Each structure stands twice: as C-alpha cells, then as structure tokens.
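One structure, pasted below without further comment.
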Amino acid sequence: MMRIGLLGAGRIGRIHGLNVAARADARLVALADASAEAAASLAAATGAKVSSIDAILADKAIDAVLICTPTDTHADLIEQAISSGKAVFCEKPVDLDAARIRRCLEVVAKAGKPLMIGFNRRFDPNFAALRRRLHAGEVGAIEIVSVISRDPSPPPAEYVSRSGGLFRDMMIHDFDMARFLLGEEPVSVYAVGSSLVDPAIGKAGDVDTAAVLMTTRSGRIAQISNSRRATYGYDQRIEVHGAGGMLRAGNIHETSVEAATGNGFRADPVQNFFLERYAAAYRAELDVFIEAVKGGTAPSPSGLDGLKAQILADAATESRLSGKPVAVDLE
Amino acid sequence: MMRIGLLGAGRIGRIHGLNVAARADARLVALADASAEAAASLAAATGAKVSSIDAILADKAIDAVLICTPTDTHADLIEQAISSGKAVFCEKPVDLDAARIRRCLEVVAKAGKPLMIGFNRRFDPNFAALRRRLHAGEVGAIEIVSVISRDPSPPPAEYVSRSGGLFRDMMIHDFDMARFLLGEEPVSVYAVGSSLVDPAIGKAGDVDTAAVLMTTRSGRIAQISNSRRATYGYDQRIEVHGAGGMLRAGNIHETSVEAATGNGFRADPVQNFFLERYAAAYRAELDVFIEAVKGGTAPSPSGLDGLKAQILADAATESRLSGKPVAVDLE
Amino acid sequence: MMRIGLLGAGRIGRIHGLNVAARADARLVALADASAEAAASLAAATGAKVSSIDAILADKAIDAVLICTPTDTHADLIEQAISSGKAVFCEKPVDLDAARIRRCLEVVAKAGKPLMIGFNRRFDPNFAALRRRLHAGEVGAIEIVSVISRDPSPPPAEYVSRSGGLFRDMMIHDFDMARFLLGEEPVSVYAVGSSLVDPAIGKAGDVDTAAVLMTTRSGRIAQISNSRRATYGYDQRIEVHGAGGMLRAGNIHETSVEAATGNGFRADPVQNFFLERYAAAYRAELDVFIEAVKGGTAPSPSGLDGLKAQILADAATESRLSGKPVAVDLE
Amino acid sequence: MMRIGLLGAGRIGRIHGLNVAARADARLVALADASAEAAASLAAATGAKVSSIDAILADKAIDAVLICTPTDTHADLIEQAISSGKAVFCEKPVDLDAARIRRCLEVVAKAGKPLMIGFNRRFDPNFAALRRRLHAGEVGAIEIVSVISRDPSPPPAEYVSRSGGLFRDMMIHDFDMARFLLGEEPVSVYAVGSSLVDPAIGKAGDVDTAAVLMTTRSGRIAQISNSRRATYGYDQRIEVHGAGGMLRAGNIHETSVEAATGNGFRADPVQNFFLERYAAAYRAELDVFIEAVKGGTAPSPSGLDGLKAQILADAATESRLSGKPVAVDLE
C-alpha cells in the first residue's frame, strides 16, 4: 500500500486526491491546503488527515507527494520532497523560469528519486491511442503535426498577469503535445499573438489568441493555435499528417444526441472544460505515476519534459515580442 | 445516334429530356405534352421538336421512348410503343393494378423489345456502391435490411386520393430498394400506417406515416418506414446488417459547412427533394437504359421488377387494412 | 447513511456494489453470493461483509437490498425483502411469467415499500437527454420510434434455452425503451425472428435475429430490431421522428481517433458491451434508487414497468410463433 | 447571346469550354490549342470551330475570351485580348513575376475592359456558403483562419522546376482563400517548408510540405498548411474561429457509404482531385464571369486579387529562404 501526501487541495489537487482514494493499492494519508475548508472537504471525502506541508514532507511514512500548490512554490517543494526521499508528482510547470527548472532538476538528479510532471493530455485515452498508432507506423513518416487548443472562456486579467503569459500558461500543454507527437525535437519556434478576446489581457501585456509554427531538424512541421475563448466548449484537437495518411482525434460532445429540424442537424457543444474533458486522463496519469513508483521505473513525462516545454514556451514568448523566429536546442 | 422521343414533359420528363440532350450518342428528337408551354420550353432547351404522342409512336425513325405521362396512361403507352418496335423507358409504376401490369408485360414479352422501369434510386451512386459492396460480400450474409424514406412535406390531399395510397405511390420505391438489397424475395408483408401528418390524408382514406416488416424464405428481415413529412429535408437512408458487419448510406447535406456556437454544432438540412437528391441517379439511370438498348441487352430494373414492387405494395395495402400479415409469392 | 445489502455478486452485482461504495451517503454493508470467491472479492473492494441471503433479509439494520441473483429467484426475493420492510432494487426481469409478476406486485403493493426495476438504459446520459428533450417538445408530436439493439456476440446456446427467448431476455430492454419514448402505450405487437447467427440457437427453439412493429392507440409506430451479433461492437441506437423533426442518439466509439489512408477514413468500433457502454447509466440508476428511497418517493422504472415490458415480450413471442399480430392492453 | 473564344483546350480549358456550352445565353464559338487533337475533341463536344489564338483575338464578333494556356503566356494574352476590346477570364496566375502583373494590370486599367482571375475555390458552394455566413456575422469578429490544402500526389519534378515553387503554384489558392475569409489584408508572412514527399522536388530547389503563418493589422491570424501528397484524397478544408463560434467546411467523400466491421467504421476516401472536387465551383465561376460581363459590372476576383495573392506567395517564398517573416503591404 503506497502512502501518498497531497500538497494543495484546490480544483486539481482534489481530482488527484480522489483518484488516489479510488485505487486499492494506494492511500491518501495526509493533505495540506491554505484553505482549511478545501482541506477539510477533501479529507472527509478521502479519509486523509488534514496536515501541513512541513509535516507531510517530514513524515517518513509517506512514500510520495503530489504537488498541486501555486506555480511559484513548485520548484522549492519538488526539491524538498525529493530530498526527503519521496517520489514526486508535480503539476506543470516546474517554474516559469527555465534556469530555476534546471537547478531544480539537478537537485532531483542527485537525489535519484522519481519526478513526474503533470502533462495530463498525454494520458487522454484518445490522444494516447493516436500516439501509439502513430509511433507504430500506421500513417508512415510524420510530416505535419497540428494542435488546436481553445479554452471556453478567458481567465480573469489578474490571473493572466501572474501566469507567465499565454505561451507559458496555456500553450505549454500544446508544446508538450507537439513534442509527444513529432518524434523529433523542434529546432525553431515562430509565434504570433493578439489580444482579440479581452482588452484587459492585452493591457496586462499578454495575448489571448496565438499561433505557433515550429520545425524539426529533418523538416517536420508543427502548427499550434490557441484562443482563450470558444463559445462551443473546450476545443481540443490533434491531427498528424504522415507519408501514409492522417491520424486525428476530435472533440468529445456532451452527449451523442443529435436533433434534426428545419434549421439543420444540431449536435451538442463539446465537453466544457478540462475537469470533465480530461477526467479519464487524470486517472490514467496517476495510475502511471503510482505504477512507476511501485515498479521502480522512471515516470514519464519527466522533469526534463517539463524543462523542454518551458524552453519552447520561452522561445515563443520571445518570438512574439521580437517578431522573429527563435532557434532552440533541446537535444 | 439513338433517336429518342419523350412522352410527357413535366417535372420528371424534363429531367430525362435534358439528360438525353447531354449525351453525345443520343438525341431527343421529339416530345409531347398536354401543356403546350411545358413542351415548348423543353423543346427550346433540347432542340427537340414539339410533337404528339401518336406521331411519336408512329415515327419509325424513333428508336426509343421515355414515358413520363400520368400513371393511368403508362400501361397503354408501353403496349403501343413496344408494339411499334420501340425500346421503352417508363416511370414507375406500370399501373396501380397488378393484373393490368401482368397483361402489359405479356404484350411486352411477345414484342421482345426492351422495357425498363424508372426505379431511380437503384442508380444513386451511394446506394449503387453500397449494393455492389454488399453483393461482393463485404459484410457477409445479409440479415436485416432497413430503409428509411421520408418526404419533406406531404402532397395535396387531392393528389393522394388518386395516387393508389402511400404504399403504392411512395413506399413502392422502398419495396424495390428492399428487393434490390435483400438478395432474396420477400414471402410475407406486414404493414401499419396512420394519418399523423395531415388529417385530410386520413379523410381521403390514406395514411401519411407507415412502416412495414417483411421476411424472406430463409429468414432475412426488411424494415421500411415512411413519413410524408420531414422538417429537415428529404430523408433517404439505407442500412444492411450482415454476418460480417454493416453497410449504410446516409443523407446528403446541402453543404459541408458546420457552425459551432454556444448552441452546439450545426450542419445543414439534407438535400430537400428528389430532383436535387437524385440528380446523379437520373443521369445514371438513363445512361443504363441507353447503353442497354445500344448493346441489345435487357435493361434492369425490368417490367417484372415493376410488377413485383407493385405486388408488395398491394400486399402492404391489404395488410394495413386487415391488420394481418399477407403472404406473397414473387418467385 | 443508507445501509444496503447486495444479493448476487456476479458481473452486474459487482457493478452495483462498487457504485454503492462510491457514494458518500450509502454503505454496502453485506453481500451474498453462491460463489465464495466472487463474494470475497467484492467484499474486499467495498468493505462489505460476506453474509447470506437469509441473514441479509433478516437484518433490521439494512434499509435496502439490490437483487442481482438469477432470474428465477427474483420474484421470491422481492416478496421476502419487501415484506421485511426493505426498499428493493431488482435487476430485470421480475420473472419470465407475467402472472407471477402480477402476484409479486400485489405483495409489493400491500407492503408499501419502494421497488425499482433495473432498466439501466433509461439512465444512459445520452438516451436520458434525448427523452428529456423529446418530452419537452423539441421535435413536436411523436410519430415513429426506432430502436436498434445488437449484441457483439451471441450467448451460449445453453444460456439461451433457459433465458425465456430473445424477446424476453434481450428485446425486453427495447420494449421498455420504446415505452419510455413513445409517450403512449402500445396496443399491438407484431414480431418476426430467425436464427441466422447460430444454428444452435434455432435448435434450442429461439431466434437470434428479430424485429418488431408496434402501434399505439393514436397511431404512433415503434420499430425494434435485434441481432445477437454485431462485429463492430455493441450497437445501441435510438431515433424518434416527430412532427417538428428528429432526435437520435448514436453509438459511442471506443476513442475519437480517426485514421485516413488510401482505404478511406476509419473510426473505431463502438464500445464493446454493456458494462462499458452503460457504466454511467448504472451509476445514475443507483443514484436515482438511493435518492428515491431517501426522499420517500416512488422510484421509476417501477414494478409495473417491469410487468408491462414483460407483457410486450410475451406478445412478441406469441406473435413470432403464430405469425399474427397480438393485441395488448397496458392501460 | 455572348460569343466566347477559348485559348487553350487542355484539362482546365476543356472544363470551361463545356461549361460555356451548357449555358443558354453564351456560345463557345472558337477555340485554339497547340494540340490539334485536344482542339478537335473539344470542338466536337461543343460545336465551336477550331481556330488560332491570333484569329480569335482578331475576331470582332467575339465578346470574351477564356485564357487557359500555359502560365508564361497569360500576361501577354490578357493585354492583347483586353486591348482588342474583349472581356477576359484568365486562369491563375497572371504571371510568376509581380512586376509583370503590375504592368499587365495597368494595360487592363487603361482599356477599361473586365478581367477576372480563376480562383475557382471561392465558388465552391461549400466555401462560398461559409464565407457568406461568416461575413453576415454568424460567428462574430474573425480571429483565426485555418486553411488546409493537400494534393493527392506530387507533380513530376520537371513540372515543379518551372512552376515558380509550391508557394506560387499551389499555395497561391490558399493565399487567396485566406484573403477571401480574413476580412483584412495580411501584413506579415512567415513560411516554412521541407521536401519530405519526393527528394527530386527538394533537388529542384522546391518544397513539397509547407506551412505559413500570417497576421493582419488588427491581429487576426491565418494558418495555411500544404502537402503535395495525401493518400486519402484531395484534402481541402477551411475553418474560421470567431468571437461567437466557429465555421468550417470539410471534405467531400466519394460516396456516403460507411462500412462497419471488426476493424471499425470506414468511410470513403475524399474526392480525389480538383476536376471532381471543384466541378460545381468551375460552373459557378464561369456563371459569375458571364453575368458580370452581361451586366457590365466588374467581375471578382479581379486582376488585383491575382496580384495580391502573388505578392503573398512571393513573400512566403522569400521567408522560407531567409528564415524570417516578411512584411507586406496590400492596401
């Protein structure tokens, strides 16, 4: 029975906590959150005890921690937890500063404990199946990867201002997805962006509509587009064009019901946001973490995957500001 | 160059006349219609001369005639044209009375000239491809055939009263389609029907909503459903379930455009009625007729196919009135 | 905290047991099964204690029981449990004999305790949404209800021989679904059936391919088709044609991945069988049962719904054998 | 009756010639082609007489000419025909050199005769409907335009070497489509490209796989991707994301038939190439040209549209070689 502690019991921490509680071979033994109410509520639902971050990190009986606290605490907490001998699952990103991530990963490397980064979309059953079939060669050599990712509605501008910007906060998932699919590392990143959704986002120095074009050494191409607003739901699509054909994974509608009237044929909006859209992915992600820790293998995506996605996000941020493509070296 | 005469230049006659005119190896040389205006208009569009039925039938230089006049003239005109040595294409049905059809087919058999009946749906590229693949064994032994056919809106009640009723006027196409797909003749027909669309149709003694269940000797099953009204367009679908899987052909939307908004994903209505939905089928049907006449082979669907569909329609009419299944012998 | 006992811990009992365990306001306190292994396994997963049917029925501290034992025990167990003052959820059918169901429902009526029958498909989120929208008038007056239900592969012939036959064992779900959608009770039932899938099923006196046509007093029509085998997965579709349009709910594919190659565009098979296809339905069904018991309201579908579906299945069985439609009176 | 001459009776000239012949208000009176065989064949099919370019241009009785000759003759022929007082329809591009196009358009402007450029995709019924609905505001302010265009198979390398390169030869259609949809002129163009399909194309100095990212002054974004090979057919898709939702137009499959087996659900490949995919567009395009000439209005797309698409193609070519975005000024 693996004993797990949870740091941060907010929206995403709660998901992970409940997923731990549903496994037969792991127990959520303790959790900590700045909000006593959030902590108590999840404790009641899972049987974990309410504790503090320090106490959890100090508890030798805890095998692993899940870090779901605010971004600016991630790197410190990873270092402390790893140094305390615990396996660590940390929500993306490790940090908004690539240099800080590098230092953190050095600490991790020395401690030799497993670190997994929460790029949940890799575990979506649809995307995971697509990738498996892609890398099994079903459509031959990979040529063009397209990722579309649009949120249902923009976050508050105050969130935006401390988010690191769209490329680091939102598109980072798509950079990871592009790497997951491309089969080669990107070598150049060109980004454009605008504030078309909410002028307050533009005033805060960020963009809410953006697109990126990346290439790899052998000439593969990746396209990404993002918007902070999609009226029809959380738009999450991937498509890969290869020498032998195309593989794509589309959106998931709320139900399979279709109505036909004089106005045409109407299907439901797509599932509205990540908690619903990626519920299965969150479960599968935690399963992979727990199995890796149990089996003594290195979990994936790793801290290095976290760093590489961050480097691409930094390059896109720079490209958007300079108006020029930015060369990157991820190998 | 095949020389063709057209009897009846109404809605459907006009289609056939224009399709003849578009071929390089056939010429529409003469046409007749009770409406001088309809005749003149089609003559202008095709280069045919306006003539009379009698003159066309008497013209030895005419190789073939297309009969697109009212139903109650079909059998007589077929007999006259065939006896004059012409190949005949006749719109369905040959007659509303199966006994009359039988007598007509005897005349045809004696004359030894080709007769083809206009079951246009067999020539729809989608349905034709489905049938080809079905009979090539793509989904194994045929088990359940389902045909859905719904008109956009009901005809006037006065039309209904001289139409022979829904089973003979509308579902006759679906009886032919079921035969086309089943690979065996039906041996029993059970029909139900109601007047749910227009009370005037019920008052005229007919139904506007109906369904039929048929079986073949080896136990294959055919389901047909009809409605005289579908708000979303002309609903034309077929589906065949077999031992190895399923083949189906769906509706054709007006365009491929899809709109996604807060109300969901909306596709266009389906093509609104038969002139548009079956434009390619009408062309292909006439091509088959002309090629058969040129090649000296028997065109299909034959007069016998016309008779068999009529027998099924009669059986359904009887079943609907008696409330009991009716046995049929088409072999 | 509602205390629940489970009678039968097989495939479907296990599902219900785990769903109880996942609720915060109910506890699976005891379970019984003829297989000690099945009982122990589910007990370990839920924290319930392994017990016996008699002990569970005698335990005054148990508020409700879930009956998931073989069909021939249902009526007796319902009577005993209800008479012991417990709320009862029972898998369909109550019994294969309508007269026995009637006697059972009299016992239930006298005891005044809630009885719910497990027609799980009513709780499928897609079908439930369709029905809600249908009865809210989205497509106007109901005219034609179509239900397609095909299992991935046939059961063993020995199962078939004690199942009551396809109409009572398999199509009973579709009879309930047709009633759920029609908005009126059927008044006539006509059924056809064949053994096309497995000759052993035919030898056992049953059919594996069947279709039914039903009408209601006002002339609404219901079509049902069943096959015991579908190579492409568990085929579960409903469609309702109304005065204002059509509502339908399609199949759920295993993933959203689509591959395009020279062979065309290929989507996944549909979810393979009921445990996967109706997982959400089983959860929702139990939620409804528990909420009804907690709230003191009558749960639905009721015992009477179970009886009516059985009457339709009996009528179909009789119709298939006699070759004639059978009148039914469910009002 | 408008009298039309055709210069060039190859693949595309033949299409236009037949479309003229099918109109009641226009006549194809003469045609010229370097291949006597091509000329004779189309003459036979349309009733036009075989002539020469010079004779056609000199014939005062000819109102309009359609230029379907090789690209390097377009600008000269436009100038001659326009100066002879004829209305001109010319296949894209006017020339591979923007400066030459500018000079040609000056000649056209002086002569004051109508010139229309054959960007056929604007007239595809699906794309035209999408654009109409987009500009009617159905999804609000335009934010992201995505165009996907992939040919079934690459042209011979020798064609590539005199084609002006992928951006001028193939993507030029997508530049026009992006302009058609964006509602604002692009101000920057960034392009990447690789030779992944056929090494001979790379050796010839061109690419066969490419993508472009453009922005407009107000920050709208356009994405284009091209491949010279798609195993599943001619891939032609557009999608526009706006403030109020999304509009997209998908591919057209060869038939509507779908097969479901143990391997999943398989739809047909998409229509294989432009003659089939854009047959309706070619008809509508010519209708617009003839109506504009008859009505004395300026046809669209104009020579200026041809120039602007060429400027974008030039910018993309430059960007691909320099690795930097290129600023453009189309206003």
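Chains here go by letter, A, B, C and D, matching the order in which they are written, and residues are numbered from 1 within each.
The rule we apply is simple: contacts are C-beta pairs under 8 Å (C-beta built on N, C-alpha and C of every residue); 3 or more make two chains touch, one makes a residue touch a chain.
Predicted model, so just to flag it, every value in this text is computed and none were measured.
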item: Farthest-lying chain, centroid of Cα atoms versus that of chain A; value: B
item: A-C or C-D - the one linked by more C-beta pairs in contact; value: A-C
item: Centre-to-centre distance between chain C and chain A (centres being mean Cα positions), rounded to whole Å; value: 40
item: Averaged-CA centre spacing for the pair chain D and chain C, given as whole angstrom; value: 58
item: Where chain C touches two or more other chains, by residue; value: 230-232, 244-246, 260-262
item: Chain A - residues contacting chain B, complex; value: 230-232, 253, 260-270
item: Interface residues, chain B side, partner chain D - complex; value: 22, 24, 45, 125-126, 129-130, 133, 138-139, 244-252, 255-262
item: List of chain A residues in touch with chain D within their complex; value: 141, 143-144, 146, 150, 188, 190, 192-197, 209-213, 215, 218-221, 223, 225, 227, 229-232, 235, 241, 243-246, 323-325
